[in-house]
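Consider the two complexes below, in which chain A is the common component and chain B and chain C are the respective partners.
Now for the complex of A and B:
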């Protein structure tokens, strides 16, 4: 796809998400105010506050004026107010973003590294018994939902064996600093990041493997072999390096699917990121928060796709033509 | 055509293992309930009971029989799987064929729509919609299907575009065959292997998404599901109940998914290899 078409797709996606977010509560049967704020929160509000909010969102006006008001508040960065947590949605979300970024980022790095090495080795040994076994088990594992892998990890490595903490991102009420703090963070991060990267592994492995198979039969690999280079060098410096191209081209998609998986993983491990917040919002029927989370996730994924395209185009100029 | 495709799919070990696993699961789910009957909704004071002769997997935190809930959860999973598999395949074929045959602006618009809907992972969109409508099974099938036909439609479109150019289709059109006749007689039979593959992959995706939705609790709480059973049992990880509550449920879900994944993989491989052979034949002639 050409750059301009891609850009169009992303802008249209953003518009689709905003419209979906706007319409969902307003299309629900009954009072839209209750659907926007959630019944529990709406009942606790005073009549004055309620009137003020209705005026602010133009809920007493036609739908297109409401949409204008909605867009207007969005562009000011106002995502609404969470009455369950008694804080603006944007600041609640900003508070959990670093943890989500840490989890998704480390899982992506882990799965890319591991998937790449396994993909290169698997392409190199195509058809051997050990290769088939690894491929077979990874395809099997990749079919499982992230929360299931998380639950199994939690049950065995945390609850039964007690090697890792049961949940959270930090030991509560501890005032660790420096290295002990870092150690504490890593200890809490390990299981969720492992579980998440395991679900992302197969995609990268299969991509690397497929491109490895084409690369291994190309003339430059034969030349490298004829020059007498060591197999390890051919595998990684020549064929492997080029096999990274399709992986980099799919980076945006990987970010999206890792983020989606992290929502579930965070619920399992009570890891205080977006997924955990989403869970709380669902339990509290905190609709403004729910919408804010949805929008933030969507914008993050669109931005990640956009940046990933830029990187891929930089690495491989041929991509621009496609 | 279908028979030949099936033969080819069975050459992959994955397909055979997947089918055997699926048959074992299905028969367990048919045979065991004959011996252990209980009302899956009935609560009792007998909570956290370990497995015994009356209830195969004991009882949960409100004294409901876990085994019968496992069975009903499986049936619901299967319902959603079949519903989504059929509906999303139908959508994929309908829109893929329409796009390919209409061409021009319609083709452009439809494929652009697919691109747009594919940017955000479908599970995220399905979660937010479900959070508002709290769907029961039928609604769940519709919501999941509406966001899972996309890749299928692309593949169907590509396939139809290539079939459309074959000589015998031109010949039929030359002899006066109308578009409807061409579709039924020449397009549809060629699409059947692809449809079967899409069906299996759609079923797998449905089981996967259904469990996830129930796990985070956005489906109607009255619907018994493996996903919600896992999330409920996780609250009691410190008791021994996970052994007969969480483990069998997680096992049933994983094995069903692995079975569907393997069959889907085998079908896809067979599809790819037969289409590659088609290409080489076309190149030769």
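Now for the complex of A and C:
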């Protein structure tokens, strides 16, 4: 029953986002055609093509028929056409999606691993000087906006020390293949992924630390200690493992905030992902592309939350009992 | 069982991460790619661009902005071209105009080959004009062309009416395309095969990557116009803040830089600066009172300290506006037009003449204000969010002379729509395109567009604007254009506040320069293809 309710919430959220995405350009002042297709379309399209498009989107019909036409094209995977980029929105987004996934995915793995280890350690060392140092530095860094961390990284590690490239996802027109290409991609990925994961770190750290504190005072931990198990084993295998539960449950939210953070990081590092694309779309006032990106991001976040729920439900027996 | 599995997964993840870090570490020494270092030997020239993607470099593939055209122009040649001084021959070695028949004749060179080896002939030129009539190319307006004919190695282009901007706006802009490739293409905007980028210019298309925003061109060894000085030309995407670092590291040879970087770079690199092609201007709603009176508009013009505005809103990186549209060092500018030197007492004088009275400030109010028929003068200044700073300076300056301004910041589309609908008092607007053929005057004074003043109240001005494009004699045209500017400055249908500076830095390996009146129809980017060609 509980699961079904949850599923309903997800579907309702998705529908709400689709409706919002549909309504916003139509509520903007001025010609909805221009709001949907952008000024570029007015420059390049002939009057006939414009009429054709208006008919195709039912822009001359009542709102609910327009919505029907909108849903219809959405289900066919048609997100509209970007006249500024002279390409279908879906193909433009599909082109950058792998890079965004690589960046956000690696940043999430990095921040989860680091945050977890630091959370376990700071929970274990509660009250010590090293705990204070961890908390102070990580929370301090996470307080900075992601683009600022990005710029500092770039200036120091790329411009000053020349350890990493100044941006992009790979060296353009190098002859790299196979392993050298992989190296090149990782080298370009390292700084943006680090910068992004640093901003996500504190949340996971604090979450792990809090549940670590609860777990450490639980009877099973005392039992493990009484059995003479090594502290490292108690810390990670017993208390630490159970502290992972809230972290995994929050994974969905983390995907959302990492995606939001990546929008800025990508601009700073000229990384060819969704954030960079969104930035260009904003500058061009490319409304079809903006809408497509918003929808993709919203659906990704909903999916991530849904998956995180599923995972938490699977690995935590208590959730199933509820 | 599960514990072991989890363990295994965790070990795997950590293992992969360690490997990744190791790989990254290794690349620091060995992986520095030679190609990105622009050594003298490889003769690769790399240009940084903050946007990167400007579309596929074919006439219908590139995005309709300057940088898109510039990439196209490196591959495709036009009948004639421009350098820093003016028009130069390109595909056509000579040209002339016969006014009685309204015919331009271009004599084509006979040593031009397309990148695929085929010879370029007059048929290609005729085909280009015919194809463009069917598939319009937004950069060139062909409406005034009556017919295109051939006569041996000559192409005759017959016009409907005399059209002075023809040479720059058509002959030096229209990319000639190969007939044997395009004749079967029905939807040119969807045709983005490598063949669609076969041109006759100094560079040959090799690659374009939309996601990464990169271009890769190779030198055309058989270029008719001279030897190409480099072997490879690349465009790469670089964050604008990092262009200076990329130059210093040798990763790029040239790039557009932000004003803040000029000081840092000017000793070691060549810094090119340009102003006058873009402007920020104050639009007046001259369709309603009080701004319908030109004296009122003049009064505002006298109250604006443009030097102060450049210092405050642009941190000095700009040129104070000229009331006649053209920047003062432009060859078309009118030296004896009204200047509107900052003079608040002139504002007082003009407003008093119009019947306004200056009332002293009451308690609690800082400034005095103007009143007519018991009504206080209050004007709304429409702007978009990025112009707030400029608006604040204007408000402050106008408050000093007793003019009360209320700033209204809206989304730029809303601003444009409201300007177009005359739903404003004052509005801030910015646009480029001022460094091109004087035909721009019609576009920014008469055209029905939100960038235009749409001012047809002065008949003499309208007549002169109509005449200017038909004046085929340059001296005659100059006189007309200067007269237009004088009237424009006198009428102040809109008021140019300043011209922002834009900067490029390069390492001097290639002699980059700004083109006279901009590349083609006026692109103010110092990437003229002739910079890369050794002229015999």
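Please note the rule applied: the second predicted complex is superposed on the first by the 318 of 322 C-alpha atoms of A that agree within 3 Å, B and C clash if a C-alpha of one lies under 4 Å from a C-alpha of the other, contacts with A are read in each partner's own complex, and residues count from 1 in each chain.
Following the convention adopted for this analysis, a contact is a pair of C-beta atoms (placed from the backbone, for glycine too) under 8 Å apart; a residue touches a chain by one contact, two chains touch by 3 or more.
Keep in mind that this is a model prediction, so the values were computed, not measured.
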{"item": "Fit or clash - chain C, chain B, common chain A", "value": "clash"}
{"item": "Partner chain(s) touched by A:151 [first = chain B, second = chain C, both, neither]", "value": "both"}
{"item": "Which superposed partner A:20 touches (first chain B, second chain C, both, neither)", "value": "first"}
{"item": "Partner chain(s) touched by A:303 [first = chain B, second = chain C, both, neither]", "value": "neither"}
{"item": "First, second, both or neither for A:159, with chain B first and chain C second", "value": "both"}
{"item": "Partner chain(s) touched by A:267 [first = chain B, second = chain C, both, neither]", "value": "both"}
{"item": "Which superposed partner A:170 touches (first chain B, second chain C, both, neither)", "value": "second"}
{"item": "Which superposed partner A:143 touches (first chain B, second chain C, both, neither)", "value": "first"}
{"item": "First (chain B), second (chain C), both or neither touched by A:241", "value": "second"}
{"item": "Contacts of A:54 with chain B and chain C, given as first, second, both or neither", "value": "neither"}
{"item": "Where chain A meets both chain C and chain B, residue numbers", "value": "28, 35, 151, 154-155, 159, 166, 267-268, 283"}
{"item": "Sites on chain A touched by chain B in the complex", "value": "1, 8-10, 12-13, 16-17, 20-21, 24-25, 28, 35, 136, 139-140, 142-145, 147-148, 151-152, 154-155, 159, 166, 256-257, 259-260, 263-264, 267-268, 278-279, 282-283, 290-291, 294, 297-298, 301-302, 305"}
{"item": "Of chain C, residues touching chain A in the complex", "value": "3, 6, 13-14, 17, 20, 23-24, 26-28, 31, 33, 35-36, 50-53, 55-56, 60-61, 63-64, 136, 138, 189, 207, 209-214, 216, 234, 236-239, 241-242, 245-246, 248-249, 251, 412-414, 417"}
{"item": "Contact footprint of chain C on chain A as seen in their complex", "value": "28-30, 34-35, 39-40, 43-44, 46, 84-87, 92, 95-96, 99, 109-110, 113, 151, 154-155, 158-159, 162-163, 165-176, 180, 182-184, 186-187, 190, 237, 241, 267-270, 272, 280, 283, 285"}
{"item": "Interface residues, chain B side, partner chain A - complex", "value": "14, 112, 115-117, 119-121, 123-125, 127-129, 131-133, 204, 208, 211-212, 215-218, 227, 230-231, 234, 237-238, 242, 246, 250, 253-254, 257-258, 260-262, 265"}
